[in-house]
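One chain, chain A, links the two complexes that follow: it is found with chain B in the first and with chain C in the second.
This part shows the complex of A and B:
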């Protein structure tokens, strides 16, 4: 009995240790940057940083669910661009539409795009990497085609729409509120519903999940659809935030999303990932991106840095998993 | 299995003939010898990348970083030339950069268990192009010596055969022999069909993976040399999106992304097919973005249809992450 309860605590302690590690890292890096540029630690800048992180953190939730099933969704960035462009065109043509309606439009359209990708992966049995790499270019191409290569600019959007990003609730930008709502909803979904738990079951052991009666095809489809819903929502938020819808919106952003996830401890082989970790990962990426110009590092560094962050984070994840397994094995041996 | 693979190549050949007929109707220039040669030469830098992508897919892995390696090789070569290195030395430098990046990918994938090719090359695609951006920012470097443009634009003396076609055929022959006529090649199929069984049969899996990714990096460097020669200048955003097309061509050539199937001949036919398709679409003035959508759909279709057919027949499905 004793050993039974002790091995999960080792796992928990190490996972908790990992999240604590990220928090310490966040505090340290903030202090270092704050020391080099005091403006970094002002409330205004911290709020801006959270504002930028809001969209990333929502996207990271969708990506996490896909990664947990052992897949990957490279189409997130261009799905975001496509919904953003459609939202921009709709709001330009009908400026009286309410921002809330636009958000639901984004959710709906994104879900459709995600559902399509999901059908290809779940029922079409195409490897996620191949399917989503293709859809990444398909959605990007459609964005170009429907816009005719033109942008939707700030002056073509009504103020009510842009206020989605500039407006505040209790001192926080609406975008941050939306992100918090998304996290609340998904916290309930992932940790307190049957379907949410089934996602982890599918990612940990596909065969076992199927044998105990989980509809693995449906779950696989579902995570891509949810990812779609979230990048659709983010697309509308993105356009409101930057007050323009462009054809190359978010090009390469999928790297940032994956980086936030793996930094937050999501395993890319599936089965592992926590909402809290992903939130911390997103905040860390937000800090780094925000800090680069503050410490006078050229923005050209961003891309390479993201590659390095992904590599290092994944290797750290592997090391942690290995030491957890080793600890468990040692416990088991002690039992015997 | 052999019969199916045989049929696939015939299918490609029929498609090639079909598209050629359509192209011939669209343009009277199409069937001329010189026109055909020039049309084929335009596209071939991607062909170099396809050759080793075949090896990568045969072992059941994937490399998304090829286009970024090409960009980094090209930028470093151009900068070395601008910095005073003679072009004759800058070209081998580009190849060395390709080898270095490929070796880095391969070593991480092969030596660290749990690190998949997807994540390493995904990170690599950001890292390599990112380095190119750090080095060059948003500038472009050009002004190469005139002999350098011969690589992409020149013809073999006295004929109308572009040099790049000869270079490609030599490489294709080399990789064809390597894959289909050597132990090394057979081992790639063994790894792709059953990695664990291959390991237990004494195939040095880690070493071979390392070599395959290094070769892939080398060919990305070769592509960089030809592409830069074609464009006449280098910048960090060159070859953007090439990875999709290279993977699409390889898969279209009958090489399964889950490993163990396909060969060089099919991939070369698919390369030809894709070139002819692009040629026809160019004649019809179809914009590049539509082409991108189409390539994506083709890639999914080519993978999905045989998969669905084999599921129908009740064969077990192997799904790898």
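This part shows the complex of A and C:
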């Protein structure tokens, strides 16, 4: 029954065409832009681009897990701002604290915020989009309250903290290293643990997941908590990178996160999404942001182009999916 | 049995001018012949009952009359003229309307909006909707049915009986000449049923032709003028109701040769695995008590809607019972969720595999092993080799046709998808299995394989509670058979004493309808 010889390639074709499509797109756009502005393909610029993408790519992992369960976490952007503000205030008051401690502080505080959102969604049974929309405003409001409306500025932060973003390890910015670590940890979590598997099960069929005994409420809570941990981590990174903690940090950024996920092939209806895809989606958005100004496309056009690119990518994906399904149906009919 | 397919004398009906005639209608679905050269006719002013077991083809026939399906063979005559009901809109233009057991109305819209959906009253010039006129008309229609429902009430807030009323009013609003009622009394109380009979009689007197589908012999002998029996997609015959007794009707419904062989091996039942006592869930089932022993397959029979699935779902914790006790291996257990059930060694194969059984985007392997992650990942880390070993073994055991175990389940054919659900349950190695229609929709080969596996599992000492609508399957596979009727157990038979007739008699509860007749006459 099982013909092993053909298996890997067929599966790659089915599962990986989205990723392959994005890779082709990334290579094409890089070549085109590189041809018009050679500076684009220099190591320095590519590194800057990755640096800009690092935080987005981490946030996209958390968002992907939530999307895979069929939810959405709109509170990510203000959760990030709140953790960032708290981190800024803490480091201002205690400049001697180590950057590593600050990162764990972000992880912990973010987990708490995410866990709270998760409780509302999982046990309170509030629709994710409504629950997280509310929490988006709540966390943003708390950011203003605790800061009294004031910023934490660069001169109020110790150098050791800012070096988290400027320092390098093996030629890569620390932020990129952190992002890679996050991807490594989540790769194992998503693909090699039963909990990771159960997240996909909940997203692809909630009813069936419940029937086989998966604690669907816990899984739902867990993905918001993980999303929280990651936006908490990102909040600290963000403040270090821009050397300021502001009240309106990352306002509107949640849509960029969702866009990165969608570009990477995550299904808004749940059940589908891959870590690799999300990484590519984030990088693509990073390229669009970085490259368009280099070929002197007006920033006014940038957003519109970003929207068009997402739309085209998704539409192409639909067309390919349909033709793959047609081919499968034909094959099935031949078998019968 | 008197066979008189074309009665000359019929109470009140206009037999000279038949309104609808189906000639030699056949309908094929992949692998199934749902209808096989069925003839059917209908006169204005008669109530024509359509009866048959689950899967006899009643619904398919109705869908052909309402234009949902197109027949593959045969022709439809409307008032003697050949017609094609290309879609439901065409059928409604011929003034054909249908009312279902659970009305398919729009719960958020008002009574008036539901009644006039699809054919609103519109101002001829300005094209605006004439709401006051529609409210007035809706009120009139409802009043003619003896109902004082408000035309602006929101349908979702009404009772099932009231929603049916709205559907009937909708039928009247298109001046329906043919009204199809699909098990309209199944969800009604006795009182509401009487009211419905009154409306049906009134419509009949006004010359409406009514097709009435019901499992309940009470309904059939109360309201029918003629009855047509379908069995396995064929029409067994049409009789005037006064000419056919209950026993003959039952025989017409089941009279089928049992040709398939079922391999349930004789096993001496071991210790008791599961016992339920006086299990009740308000509105669904009452006082259900039975036991299941190791090595036994207990068949749960009864018509669709008799509460079989609800009992299974209560034992499995999907919709827990309100009252009663469940014992597993002699110990009383509390089952409030599927997780509780699984911890007590109970597994469930849902009837609705599409919505309750499969994870479509995930691979075949992932689907098969998702319920046994405890084995595959004892410490939380998945072990792909073990996963693939289990999945490959199941693929071969059930002969699932798939290129590899890594393909998504969504790429499989329907029959193979069902086998994956069965594989998932078998992989879980539980002591007590509840299987709701285990072989529904799978091909003959897969069916035999699944039956063989069920028999083997029983031999290994598992207990299986099997719900099935297929008589041969129930009779062939079960050591004992419980029959349900309207939420209660109406009969229990050992393998030796069960026959198709006895099971159907218990399923339609002839005794109870007979008692009722006596009550009415006395």
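Quick note on the criterion: the second predicted complex is superposed on the first by the 293 of 336 C-alpha atoms of A that agree within 3 Å, B and C clash if a C-alpha of one lies under 4 Å from a C-alpha of the other, contacts with A are read in each partner's own complex, and residues count from 1 in each chain.
Heads up, the rule we're going with is that a residue touches a chain if its C-beta (ideal position, glycine included) is under 8 Å from a C-beta of that chain, and two chains touch if they have at least 3 such contacts.
Quantities reported herein were computed from a predicted structural model and do not represent experimental measurements.
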{"item": "First, second, both or neither for A:133, with chain B first and chain C second", "value": "first"}
{"item": "Which superposed partner A:72 touches (first chain B, second chain C, both, neither)", "value": "first"}
{"item": "Which of chain B and chain C A:181 touches, first, second, both or neither", "value": "neither"}
{"item": "Contacts of A:208 with chain B and chain C, given as first, second, both or neither", "value": "second"}
{"item": "Partner chain in contact with A:318 - chain B first, chain C second, else both or neither", "value": "first"}
{"item": "Which of chain B and chain C A:32 touches, first, second, both or neither", "value": "neither"}
{"item": "Residue contacts on chain A - larger count, chain B or chain C", "value": "B"}
{"item": "Chain B and chain C footprints on chain A, overlapping residues", "value": "none"}
{"item": "Chain A to chain B touching residues, read off their complex", "value": "70-72, 120, 124-131, 133-138, 140-142, 144-145, 206, 252, 255, 258, 262, 268-270, 298, 300-308, 310-311, 314-315, 318, 321-322"}
{"item": "Chain A-touching residues of chain B, taken from the complex the two chains share", "value": "62, 64, 108, 112-116, 118-120, 122-131, 133-134, 137, 241, 243-244, 247-248, 251, 257-258, 287, 289-293, 295-297, 299-300, 303-304, 307-308, 311, 317, 319-321"}
{"item": "Residue ranges of chain C in contact with chain A within the complex", "value": "30, 316, 318, 337-339, 341-343, 348, 350, 355-362, 366, 370-371, 373-374, 376-377, 380-382, 392, 395-396, 399-408, 411-413, 424, 428"}
{"item": "Contact set on chain A toward chain C in their complex", "value": "1-4, 6-7, 10-11, 14, 191-195, 197-198, 200-201, 204-205, 207-215, 267, 271-272, 328, 332, 335-336"}
